Amino acid sequence: MSSAQPLLEVKGIVAGYGSVEVLHQVSLEVREGEIVSLIGGNGAGKSTTLMCTSGVVPLRAGEIWFAGKRIAQAGSGVRADLLVPMGLVQVPEGRRIFPRMTVLENLMMGAYTRNDPAGIAKDLEHVYQLFDILKTRSSQLGGTLSGGEQQMLAIGRAIMSRPRLLMMDEPSMGIAPLLVARIFEAVRELNREGLTILLVEQNARAALKLSKRGYVLETGRVTLSDDADKLLVDPRVREAYLGD
Amino acid sequence: MLVSGHVPSRQLTAGVIAGFLGVGLATAILLTIALRINDVWSASIVELVAAQQLAMQQARAAAADGAAVAPIPFDWTESARRFITTLLGGGLAWSWLPMIAGFAVGASGRAVIWSRTRRTPDVVASAGVARTFQNIRLFPELSLVENVTVGMDRRLSTGFIGSLLALPSALRERAQARAEALKLLQFVGLGEKAEDAAGNLPYGHQRRLEIARALASRPDVILLDEPAAGMNPTETVDLMRLIRAIRDNGTTVVLIEHHMRVVMGISDRIHVLQYGEKIAEGTPTEIRNDPKCIEAYLGKEELG
Amino acid sequence: MKNHASHRLLRAAASLFALALPGLAASAAPADAYANSVKIVSSLPRTGSANAQTTSMVNGIKMAIAERGGKIGDVEIVYEDWDDASPQRGNWDPAVEAANADKAIADEAVLAYIGTYNSGASKISMPKLNSAGIVMVSPGNTYPGLTKAGFGEANEPAVYRPSGKINYFRVVPTDDVQGSVAADYAKELGATKAYVLHDRELYGKGIADVFKKSAEGLGIQIVGFDGIDNKASNYKSLATKIKQSGADLVYFGGTTQTNAGQLAKDIVASGLKAKLLVPDGCFEEAFISAAGAKALEGRCFITFGGVEAKALTGKGKDFYENYKKTYGGEPEGYAVYGYESANVVLAAMERIHKAGGKLDRASVLAEVGKTKDFAGALGVWSFDENGDTTNRTMSVNTVKDGKFTTVKVVQ
Amino acid sequence: MTETEVFFQQVIIGLSNGMIIALVALGYTMVYGIVELINFAHGDVFTLGGFLALTIIGALGAAAIIDPSTLGDSSNWMLLVGLVLASGVFCGALNMSIDRVVYKPLRRASKLTQLVAAIGVSFILVNIAQFWGGLPMEVFNDGVSATAPKDFPDVLDWQTNLLGEDSAIALRVEDVAIFAITIPLMVGLTLFVKKTRLGRGMRATAQNPVAARLMGIDTDRVISATFAIGGFLAGAASVMYAVFNNSITYQQMGFRAGMDAFTAAVLGGIGSLPGAMLGGVLIGLIRAMSDQYIETRWTNVVVFGVLILILVFRPSGLLGLKQREKV
Amino acid sequence: MAARFASFARGQLIALGALALVPLLDLALPAAGMESLQLAGASRSVVVFAILAIGLNIVIGWTGLLNLGIAAFQAIGAYAFAILTWENYPFQIGFWPALVAAALIGALAGALLGAPTLRLRGDYLAIVTLGFGEIVQETLKNVEVVTQGTKGINPLPAPFGLTSDRAILWFYAYLAILVVVVYLCRNLEFSRMGRQWFAVREDELAARCMGIEPDKAKLKAFAAGSALAAVSGALYAAALGSTAEPASYGFEISILALCIVIVGGIGSITGVLVGAMVMLGITDVLLPLASDKLQDAGIGSTANVFSSPNNYKYLPAPGRPRCSTPSPVSTSRPRDACWSRAMCPAGSSPPA
């Protein structure tokens, strides 16, 4: 399944906010068709890594390659709005849906950069099929959904941009276990359909169970990287992140 | 004589005095009215009640047999005292905690144990309920010790004049409060950093500070909203120890948490809610084995 | 980035200050040359909307001094043009006027204070200058209460004269004169119902009050009396209200700056046929360009305490010609008053010099007060016992073919 | 005039004035909606638009254009359309450059800093206005003070009373023209925001800028476009204002009209487009009614009094979105 | 806190000391053969505006309420003071009682405006205070029977029996009042009251959950700020010997006060003192001086433009957001909930 050329390649990136440096030399790669999870404690720099990749946070050093193109390096980067058409899409932490738009409008915002009505309609059907609750709520304002539903909406919205790589930030945060299971099931399903996924999770066990490979991020550095099933049994991971 | 608007001075005196009195009276009346309106109209209350009612309606509509949904799922007075009680909930669990903490009055208006009519958060707080927030809300510019002292506010008595003139009583109280705040910081393990700005603390410490701040008011009940969110296993264990210590000091703890290890590890009692309705209540073991809970909440495969 | 900008600004300010210092030192150098020079200062709003008028007035003052070669005998006359407006307000500023008065008092070379333009400003500087015994000649104040009892507060004007002596004189007729001339003219126009408006400023309200009183005395019915918002976009709804009142004359106590032009326009636009009567605050070209000539043509009348510059005779005509020659433009209505104010002071100084007296504050003050039958650009006039001019020449003007035309002169 | 006639007359005046206010208010509300900044300079951008229109007329030679004999000539219509477009484009560009130069670098600074920057820009523009005053002056009676109010010629003969010249109530062509121009603009704007791609981008950016970027929206461009559109409306409004009131002054336009529009935007609920329209019309009506039934000198007090009263009961304005307190 | 306490006090002492020395230049410069800069008058303005800005700082810097109409309270203070001391009115209660009365009336007016508008958020409060400023100006203009309209109430008796030529003594009397004001405000800052204000500013909801009643705290802040503004107005009127006209208390003055607060660093009394010296140094000393010099150099028209209205506002506000880590990823809090120092969302730890 994996090709020689990684789909996403993050090479030694450094980034931060103000005087605080959050990421020190983070490198990772995601190959076509994989689910890769990025686990680590709060403040380790997981979200920042994703935000760098999405072009929201500028790099201080290092570079990021996507699908054979360099999309960011220190001092310059491809604008965030150009990454989406390239197929690099993020489901941000805390959902960030548009609260005063209907569910349908929210989904259509995902297709903002697309211009193929037929394809959009098809993807909409796909999203509805994946999360049927969204269909029944399609005319409801996004802000009135519950947390779990909002998460589904955020994922659906991202799928509407027809991504090649979907980056998900904490999809299980603050959501009841039952819904978490549903969402992880959907992630698995999407991957099965060929979507490459980079998953950032607190819930390390669940994330690693889904993934092919995993990276452990600690205070802005990648301290471990291996196949997911190996990480699951790695004593260091077990102790620090799985709580065994 | 071309006199522009000149009036005899006696009339003027009367006029001005009447004016001042009028303005004073108007102020008093307006003040009262405005404070009243504030209570009644506060946007957050109105909205949350609306959201609550919507949820209830949806729940009712969803219930095929049309069974009545109980608006008040808890009997706090009897089952919660001196316990660590956890609320687990799908759907709208998030809206229950703020409701209890005084952000909203439940549909029936009797959802809260304290039977005061004005149930704004500050009233609830002064009645002895302290809380923390899911997305930490500290006072980031203030130092740790100041943060904790703010938490103490309801027990302090210095008024505006005392503050203004730095009366001896005010100074004494200030010193006492400070000493007590330092002690509390020690209790949660932040004694070293007492003078740092709260905003600069790492995440885990911010959680602890929030708890210290909540404890500062010496509450009867402390409500913890997802305290384990974003903590690694080691931190989580420390947190559980801290929560137990709080209970053992005589404070009732109410917990909203999705982290099953924490929930199952420390709860004395668990209430499971779905769409505003309580579907189960019991000890962790009972809940773990309750098929209804597994179906509605835990899922077939217990995660976490 | 912002910080950089502010640093730059601070640096700029600092270098400005540094540049200013040598200048200061230079201007202060001939410190003991004071014996051979005396100062006349003027305090007029040089910043903001009154600028056109005051520039013209300052020109008039400069002309008067230049005509005497800048000297009285061998004493040099130094003229300083002070601004009593402030950057903050863009109009005269009480704090600046107070500072100007203090500055004049502190500088012993200052023997005369020409100002102010706004009566409100004089209220602030008068008591100060009175205590110090500096003569003050105003080319522009028309508020009666500054010199006459019975118009404003009970303690006016005594309150402006703490020393008990008179130090304040003016060369303009006061509003009570102008207001009653306007009322007389309204009667002449056959007005029976007048709607009186004002701009709620000291000048406008004062003159509107006088007009109202006088008009009532003449049997004209006052159907409305109101202050306008001088920044309103338009007065269409006010015009409708006036129309409803059935007024056949509208009097507006105000100036071009307080939106007389817009008011005139909206009254015409509402289809109201009433005549419009305004005071001298509108006697400037700007009024015509603000209202548009066609709104004023033949239906708007402007009273003015004097006659328009080009209609002056005798010395006034010389002034008009000279002014045009020197400054290459038409003088504004008040230029001649600036000129006359300076002349009164200079003439008094000349008389002292001729009599061999010493030029100091007391002598100049006394001598200016003695001005009698002064033959100046405004005709022959004297100061009366209040310090007011006896010159009461008033003209009523209208707009014809886009230009002011005098229709009547009242002596 | 009977009482009823007076009332209807005042309603007409209030509505026409209100429409212009609403047009300016839209600019405030759009910018606020998207970057949560009260663009204090908006009223002054509006002023400069009027000045540009007068300058163009002056440059073309006012005498030739406003010669009554040419009234009704189609060239005057074209002139009006040209003025609206020119002022609109000018104001749009100006507003956009202000955003680029001043607000954009401050986007992440504190709100207070942004607000003070906006006030600073406003004062700079006021000074430019005082300096400019609608040049070239020679066209209008030799350059008198630039700060003095200026007459703005009737570009079209809009004084005709549609109800007949002897009707007590005056409904002039200009009143109708104001409606005919502002209402389609407002409807167009609403449709634009609801239906078009850029409009959806604006709404998304207003609701969550980061998420909007993650959806592939170039938020900087969207913000620029918002400033440009707001500026365009202000420019169009300034020409309407000038033609309707026949005058140009920096103090009337910049301060009072700007303030009215700002008040209107807040009254309607700042950030809400229909709110700004409603607010504008309300302010116009309140002014007219207060002028007629109270006293002109109290009108400003009445306007702000009503504003405060409404905000006491509806803290987010009439149509504003309630702030939801997240817990 | 102890360290902060000491350093603030030191900063304040330095600022006050520097201010106290400035007017001495009036004596020094002429002695050195240079023209006097008349700094005593300007310094007196510094005191007046420093008090105004300290009042504004309580409202905006400490409590986080955006008030754009502080000048209205200055007007109320000035007129209250004038009415109570003017010789044509029967009160004439003397300087000190009138000053105290002005402060109380200012506080009352502040509460009057504050009470109904406490629930308004940042921008809405801004427009309401702005509108209130207009209302006060217009009302003072219109209620001529009491306020004398645009004539202003004048002349007022000079306080302490000082005449205008003793400007330096007058300044020191005012400076003494400023010292008292600074002392009292410092007390507030480090007291329970101050802590309540800070808490409300930083996070109103959290403060509420701590048992603080934000409405009451805000009302007190409004009242205290307005009282100080009123004191400033009373001192202004006393120094001028006149209330001047209502338009003297316009929007520009509110903005000047805002600039003073921001320039020196919002939230700090020392900052306000420095800001007042900087801003008034520019408006009252530098600009007129530069304008004079330019005029002397024969470029009068330029000078005129240079000092044309509102130049001081060109100064970009070097606002120092203390919370200096503007996280590009805003959290879910309503963006306009935070106003002053802590503009960044609470607990804005960078996303990880």
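Side notes on the structure shown:
All chains are identified by letter, namely A, B, C, D and E, in their written order; residue positions are counted from 1 within each chain.
Just so it is clear, contacts are C-beta pairs under 8 Å (C-beta built on N, C-alpha and C of every residue); 3 or more make two chains touch, one makes a residue touch a chain.
Just so it is clear, the structure is predicted and the values come from calculations on it, not from any experiment.
The minimum number of touch steps linking chain B to chain E comes to 1. With C-E and A-B as the two chain pairs, more C-beta contacts join C-E. With centres computed from Cα atoms alone, the innermost chain of the structure is E. Centre-to-centre spacing of chain C and chain D amounts to 36 Å, using the average Cα coordinate of each chain. Each chain gets one centre point, the mean of its Cα atoms, and the points for chain B and chain D are 45 Å apart. Chain geometry summary: the mean Cα position of chain A and that of chain E are 50 Å apart. Shared interface positions of chain E, defined as residues touching 2 or more other chains, are 88, 116, 119, 141-142, 144, 149, 205, 308-311, 314-317, 319, 326, 328-329, 331-333, 341, 349, 352. Residues of chain D found to touch two or more other chains are 109, 113, 210, 297, 300, 312, 315-316, 323-327. Of all residues in chain C, those touching 2 or more other chains are 2, 48, 51, 152-154, 200, 205, 227, listed in ascending order.
Within the complex formed with chain A, the residues of chain D that make contact are 197, 200-201, 203-204, 207-208, 210-219, 321, 324.
By the touch criterion given at the top, residues 41-43, 144, 146-148, 173-181, 202-203, 205-206, 239-243 of chain A touch chain B in their complex. By the touch criterion given at the top, residues 1, 6, 9-10, 13-14, 17, 20, 105-106, 109, 113, 140-142, 144-145, 147-151, 153, 159, 161, 170, 241, 244-247, 249, 251-253, 255-257, 260, 287-288, 291-292, 295-297, 299-300 of chain D touch chain C in their complex. On the chain A side of its complex with chain D, the touching residues are 54-56, 79-85, 89-90, 92, 96-101, 105, 108-110, 112-113, 143, 157, 161. Every residue of chain B that touches chain E in the complex is listed here, in rising order: 4-5, 7, 9-10, 12-13, 15-16, 19-20, 23-24, 26-27, 30-31, 33-35, 37-38, 41-43, 101, 120-122, 125-126, 130-131, 133, 135-143, 145-146, 149-151, 153-154, 156, 158, 160, 162-166, 170, 173-174, 177-178, 195, 198-199, 202-203, 206, 213, 217.
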